[in-house]
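Each of the two complexes below includes chain A, the first together with chain B, the second together with chain C.
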Partner chain A sequence: MGLLVAQLLTGLANAAALFLVASGLSLIFGVTRIVNFAHGSFYMLGAYFGVSLMDHLTGGFGFWTSIVLAGLIVGLIGVVVEILVLRPIYRAPELFQLVATFGVILVIQDLTLMIWGAEDQMGPRAPGLKSVVRIMGEPVPQYDLALIAITPFILFALWWLISRTRVGILVRAATQDREMVGALGVNQSWLFTGVFFLGSTLAGLGGAIQLPKGGADLLMDLNIISAVFVVVVIGGMGSILGAFVASVLISVLNVFGVAYIPQSTLVLMYVVMAVVLLVRPYGLFGREEKAGEHGQVGEPDRPIRPAGTLGKSLVALLIAVLALVPLYGGNFTQVLITDILIFCLFAASLQFMLSVGGLVSFGHAAYFGGGAYAAALLVTYADTPMELAFLFAPLAAGLLAIVFGWFCIRLSGVYFAMLTLAFSQLVWSLVFQWYDVTGGDDGLVNIWPAAWLSGTTAYYYFTLIVGIGGIILLRHITHAPFGYALRATRDSARQAEATGINVKLVQWTAFATAGAMAGLAGGLFVFSKGSVFPNELEISKSFDALIVVFLGGVKTLSGGVVGAAFMESVKDWLTRLEYWRLILGLLIIFVVIIAPEGIVGTLRKAAERVGLRRTEEFMR
Partner chain B sequence: MTSGTTAPVLRVENLVRTFGGVKAVNGVSFEVMPGELKALIGPNGAGKSTCFNMLMGQLKPTAGKVFLKGEEITGKPPRAVWRRGVGRTFQITGTYQSMTVAENVQMALMSHHKRLFSILPHAYKVYREEAIELLDVVGMADQADRACAILAYGDLKRLELAIALSNNPHLLLMDEPTAGMAPKERINLMQLTADIVRDRGVSVLFTEHDMDVVFAHSHHIMVLNRGELIADGNVEEVRNNPKVQEVYLGGGTLYKQEPADA
Partner chain C sequence: MKQFRKLVAAATMLAAAAAPSFAADTIKIGEINHYKRLAAFAEPYKKGIELAVEEINGAGGVLGKPLEFIFRDDNGKPGDAVKIAEELMTRDGAVMLTGTILSNIGLAISSLAGEKGYIYLAAEPLADALVWQSGNPYTFRLRTSTYVQAAMLAEEAAKTDAIRYATIAPNYAYGTAAVEAFKENLKKLKPEVEFVTEQWPALFKIDAGAEVQALEAAKPDAIYNVTFGTDLQKFVREGTTRGLFDGRKVYGLLTGEPEYLDPLADEAPEGWFVTGYPWYGFTEGPAKEFVDAYIAAYPDETPKIGSLVGYMTAKSIAAALDKAGSTETDAILAAFEDLTVDTPMGEIVYRGLDNQSTMGAYVGTTALKDGKGVMVDWEYKNPVSYMPSDDEIKAMRPAE
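On to the complex of A and B.
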């Protein structure tokens, strides 16, 4: 009994930081409708600033002042980010905003590395609260009790701010109808900036207040963000109370998980989320998100046509050149092109659902890594011949996508994106923690292709055929009736339903197709490397695909492939630089703000402007 | 005009829809006969759009029944209602912006012929001739290969009509077909609709604010006020109906004058 109580108290104490970060994210989303992926970075900055300030400000007063100051500094950084990065793109499609905040993550990561170095920072213990209290015989840290006592006050303060002050009225009004608040003469820009300040401050406070329990390190940002997303999704986007309840739920669950089923702590969190969403798709305290009448923001996509003779000839020429590579290129070139082709197929599969279907998935790595792991597991445990295991990769990934897709398709927009992300984290945590089967962090090794494909050149041709075949297949489906049906659901779901199209079924099928093709890429990947590790399932893998689709051009058909080829080619050179994340992050932000059409879209426009390419007949 | 022996295309029985405590539609019953062009009019907030959305399945009725050619379709989703032969146009057009005019119609034809999940042919060639024929009916064939995104609003409305005809409907539901159009375009579009009713034997039920359009073309008119049907008859009957005059002309109030003895 005593142990139970002690564990419960630990859980409640852990909930404090989680709640601070989650409520900030929820608040920002409620008003600006932006899901700030960089919110975890603000949390990390709060921790680092907290450590530095505590070095100088000593004693109990210094400790608490440091926490508050760290929060305020991070709040100001949030304001800078909001003004520089987000203001120019409030009217852009939500995908652009999400990608921009991901650019911010990369920039902050490298800036933190520059300032504080790579070493983990120990958090100082809170002066005056260093010992433990015995509760029913079990030791409970005093600081935990302090956190438990503080959290309700923060909840109350936020509640009071939101429901009792003029600012709160504006915030609530903006949450419900931004345009109306603007029309009533409220300066929206500063309202947004103010909310961003408040939200970032909360994240910074969260980072600083957990210092005595956790310290500061460079992985904090991505580590907390998935937990925060789970909390916000369970609690309901935009609900402070929801963030509180879900933070407590998740933290307590985690503590008990660690104690009783240590193999599944991470998985547990995502299972709870899936269950909650089954019953309440918009979270415990969330309200149904009313999507706009028509999904697309900004300039509509152009009509599409299959490639003409010129286009087909160029592709044929490219394939011919690639087929000749082994004659003059060495091993290194062949391996590099193999990697590029695999990534191109992965990106093409995401582009299919994202651009053609308007389904912004943030967890596409689940199907790439899922396919790779499925094949690897078969080889490892059933001695399956490579050919059979390889076929199983797209099959397993497709099945996974059918299951996850069934949940995700019921939601749309940001909720859809968050849920896809959470599901991919579920797969990742399963693989990461189920050491006995998946090898955990050690991965699965010795997954080599069959004898007839074992040479670099043989596998190069295999990848060339399967990879390009997959890309062409996806492209053909885009031009086929099914691809058109998918575009119809994206352009106007209402019109599609009113003309006999089962929108959800079409989207679900597209989800499964994209998943299977990502699995195919994963199958190619695992046999080319001979091994697979959990990082193929990580958030950053999903983001890689998103970023290349974005760089290439979201509103084009070939953007994913072009972007992937570009990125994979320069990655080798780029990652040799010490601060490559900074450069990449700035590049992403630059593209989002200055050239949102991406490489392909920008080239197309430029070619039209100088007369190299005629404006398509249907645009006249 | 309609004979008593033919069965109605659409029969609505005692339709009710409440939003919270508000009865947006309160016990509406009517019929639409084959080949009939029938208008549903009423002041703002009378419940016209709510009524429409229940017929097409966008909204589930709180109570009441809807029959299409004798078969009950109450509460079925829009796509199921469409498959049974009901076409619909919206007050705000919802065409596919990234497709050409012809492709928009082809899309509906592919749906009608259950080819949505086909991945073999190139979609832009599928049912192209049929699409051009339908576009010809609404006078849009010459714009078949233009992107929908660059069409004038009046042309979008005509395109929507062609799409609505693609499943050979028994009944067309048109929600404010002429909203947002120039006066001359309005007359043209309603004339076009009347021609389609005559030539194809389709029944049309439409809502409309423009009384010139309503009285010039409808065979029958229904008047809805505060969720209740207060008139259902031919043009003359409705024009001379004192309750209708009260709603449209009288008193400056849309609310029923509750007499002292009520």
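On to the complex of A and C.
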């Protein structure tokens, strides 16, 4: 009994930092509709500032002052980010802001490394709260009790702010209908900035307040972000109370998970999330999403048509040049282009569901990595010939997508995206923790192609044929009747339904197709590298694909491929530099702000302006 | 068609310009590591290599040419590492590969090495699979094997009267292997021990309070710790606060290495029996000479185990090249067979049996001195007697 109580208390104490960060994220999302992936970075900054401040301010008063100051500093940084990065793109589609926040993550990571160095910083212990209290015979750290006391206080303060003050009324109004609030004469910009300040401050506080239990290190931004998303999604996006209940739930579950199923703690969290979303798609306290964006934001989509003669011959020329690479390029050039082609196919598969289908997936890596793992598992355990295992990759990924897709397509917008993220994290945690089968972090190695494909050049041609074949197939589907139906569901689900299109079935098929093609890319990947590891299933892999689709141009057909080719080539050069993440982050932010149409979209516009290309008729 | 030919010509020229001129005046070694992802560990390692290279080149280099390391960052991604390995070998003209700390990347490069016939000296990866279950003729490994270090701790543990053991280890291959080796060796020496609980926090995501409670609940006599880095800091703090270590013997794998002990500062645990690197305790011999040389070269720093590994890596490569007499893969491969190298730890041998070096380990007890964790009563142990038998190793290694 005593142990049970002690465990419960540990869970409650752990919930404190999680709640602070999650409530900030939830607030920001509720009002601005921005899924702020950089929120973990604010948490990390809070920890670093906290450590530095605590070096100078000593004693109990100094300790708590440092925490508050760290929160405020991070809040101000949040304001800077909001004004410089997000304000220029509020009118852009929601997902642009998401990509921009990913750029912010990269920038903050490198800046933190520059300022504080690589060494992990250990947080000081709270003065006066260093020992334990015996509760029913079990030792409970005093600081844990302090955290448990602080959390409801902050919850209450937030509740008071939201429901009892004028600011709170505005925030609630903006959460429900921000356009109406704007129409009523409220200056939205400053409201957004204010909310961003509050949300970032909470994240900073969370980072500083956990210092006595942890410290500050460079991995903590991405380490917390997935847990925070789980909390926000379970609690309901935009709900403070939901964030509180969910952080307590997750933390307590985790403590008991550690005690009773110590090897599956990560899996547990994502299973809970998936189950909650299945039963209550909008989270425990969330409200149903009113069609977030009315129709299309920004310029209308252009009608698409198959490439003309010029386009086709250019592509043919490019393929011919690629086919001749082994004649003049070195071994490494082929390796590099193989990598690029694989990534292009992966990006094209995401673009197919994202641009053509309007289905924004945050977890596309699950199918890429899923395909790679499926093939690798067959080779490892059944000694399957490479050719067969390779065919199995798209098949298995497609099957996975069919299963997950069935659940996901019942939702739309951000909740759809979140559920795809939950499923991909579930796959990742399974692979990561099911050590006996998947090899966990040590992955599966020695997955090499059959003898006839084992040379670099042979595999290069194989990738060229399969990769470009896959991309062309996806393009072909886009122009086929199915592609038209899919676009109809994207542009207006209701009208599509009325014309007799089975919207959900079409979306489901598109989901599965995209998954299978991602799996094909995964299959190519695993045999080119000879090994596969859980990082191919990580969030950042999904983000890589999202970023290149945006970089290339969401509202284009070839954006994913062009973006991927551009990004992989640039990265190959960029990663040789010391602070390449800073540069890459700035590049992403720059593209999002200056050229939101991406590379292809911007080029197309430029071509129209100088008269190289006819302007679309509907735009005149 | 004319246009097409022009394009090909242009592309050819571009490729030719991009390919670096193969300067034949240095011998290049490709070094891949996680300079960003694990900067705190990779930097001392790099400094160790640079110190050794300076010494080697100061003494005339190898085979009459200066030795040069090309350092590349893989961002902690195995896929990137494989690509970079290809680039180093086929474009940059490296004669062999070395590097990596993370086991998974070591395994990825080793697999590539076996497939393509590149020589790879795995410097720091901890996974024993590199030379055993997934071993191949082209992969060599310098760092003391995890199995051996665990066996050294087990030997010490068997001397006490503790029966009930608890283990805590990160839930990935290195952690599982370390726990398995400890259990196997301890049971061999003392069959009556029982393992009452095993904790497996996810790497760098430890929930220390909950872990400490779970360990406490099992009421063990002794604890075997494999956590490191930030996980170790959190574990030690929660464990100390909650009195987990009171009256219990703790055995810590790698806990005594400066990389992990230094960040703990005055909270470093006392009385743990650990493997590590007590550079501050050397008074004479090559071990001391290395420490002095390192501090002379980098006055703002103290040596880490990574510095030593980096130094020994470069020395091993130089020795192999000297013995080979050429930079041909076959010659280097033959040279590595039972290669002996003089190092700060004394003479080590790359065993022909499994390509593992006989680098040993320092074991000792942790203590606090001037507000810092140190190892006391330490000694250097030769690994050979702790290795599994030759037959066991042969059975583990894939047929060649």
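By definition in this document, the second predicted complex is superposed on the first by the 611 of 620 C-alpha atoms of A that agree within 3 Å, B and C clash if a C-alpha of one lies under 4 Å from a C-alpha of the other, contacts with A are read in each partner's own complex, and residues count from 1 in each chain.
Convention: contacts are C-beta pairs under 8 Å (C-beta built on N, C-alpha and C of every residue); 3 or more make two chains touch, one makes a residue touch a chain.
Because the structure is predicted, anything quoted here is derived from the model rather than measured.
K.L.:
In the overlaid three-chain picture, which partner chain does A:Ile150 touch, first (chain B) or second (chain C), both, or neither?
P.N.:
Touch partners of A:Ile150: none, neither chain B nor chain C.
K.L.:
Just to be sure I read the superposition right, which of the two partners does A:Ala320 touch: chain B = first, chain C = second, or both, or neither?
P.N.:
second
K.L.:
Looking at A:Leu586 after the superposition, I want to know if it touches chain B, chain C, both of them or none. Which is it: first, second, both, neither?
P.N.:
Neither partner.
K.L.:
Quick one: classify A:Leu395 as touching chain B (first), chain C (second), both or neither.
P.N.:
Neither partner.
K.L.:
By the touch definition at the top of the document, which applies to A:Arg494: first (chain B), second (chain C), both, or neither?
P.N.:
So A:Arg494 only meets chain B here.
K.L.:
In the overlaid three-chain picture, which partner chain does A:Trp448 touch, first (chain B) or second (chain C), both, or neither?
P.N.:
So A:Trp448 only meets chain C here.
K.L.:
For A:Lys213, decide between first (touching chain B), second (touching chain C), both and neither.
P.N.:
Second partner only.
K.L.:
In the superposed arrangement, which partner chain does A:Thr333 touch: chain B (first), chain C (second), both, or neither?
P.N.:
A:Thr333 contacts chain C only, not chain B.
K.L.:
Any idea whether chain B or chain C touches more of chain A?
P.N.:
Comparing chain B with chain C, the partner touching more chain A residues is C.
K.L.:
Give the list of chain B residues in touch with chain A in this complex.
P.N.:
The contact residues of chain B facing chain A are 56, 58, 77-79, 82-83, 88, 90, 92, 94-100, 103, 106-108, 110-112, 115-124, 126, 145-147, 149-150, 163, 166-167.
K.L.:
Quick check: in the complex, which residue numbers of chain A touch chain C?
P.N.:
Chain A residues touching chain C: 3, 6-7, 10-11, 13-14, 113, 118-120, 122, 125, 130-132, 138-139, 141, 144, 212-215, 217-219, 223, 254-255, 258-259, 262-263, 265-266, 317, 320-321, 324, 328-333, 335-336, 339, 432-433, 435, 439-443, 445-446, 448, 454, 456, 525, 529-531, 533, 535-536, 572, 575-576, 581.
K.L.:
Which of the residues in chain A come into contact with chain B in the complex?
P.N.:
Of all residues in chain A, those touching chain B are 293-294, 296, 300-306, 476-477, 479-485, 487-488, 490-492, 494-495, 497-502, 506, 509, 616-620.
K.L.:
In the complex formed with chain A, which residues of chain C make contact?
P.N.:
Touching chain A: residues 4, 7-8, 11-12, 15, 19, 36, 39-40, 43, 72-73, 75-80, 82-83, 86-87, 90-91, 103-104, 107-108, 110-112, 114-115, 127, 129, 134, 171-173, 176, 198-205, 207-211, 213-214, 217, 229-230, 233-234, 237-238, 241-243, 263-265, 267 of chain C.
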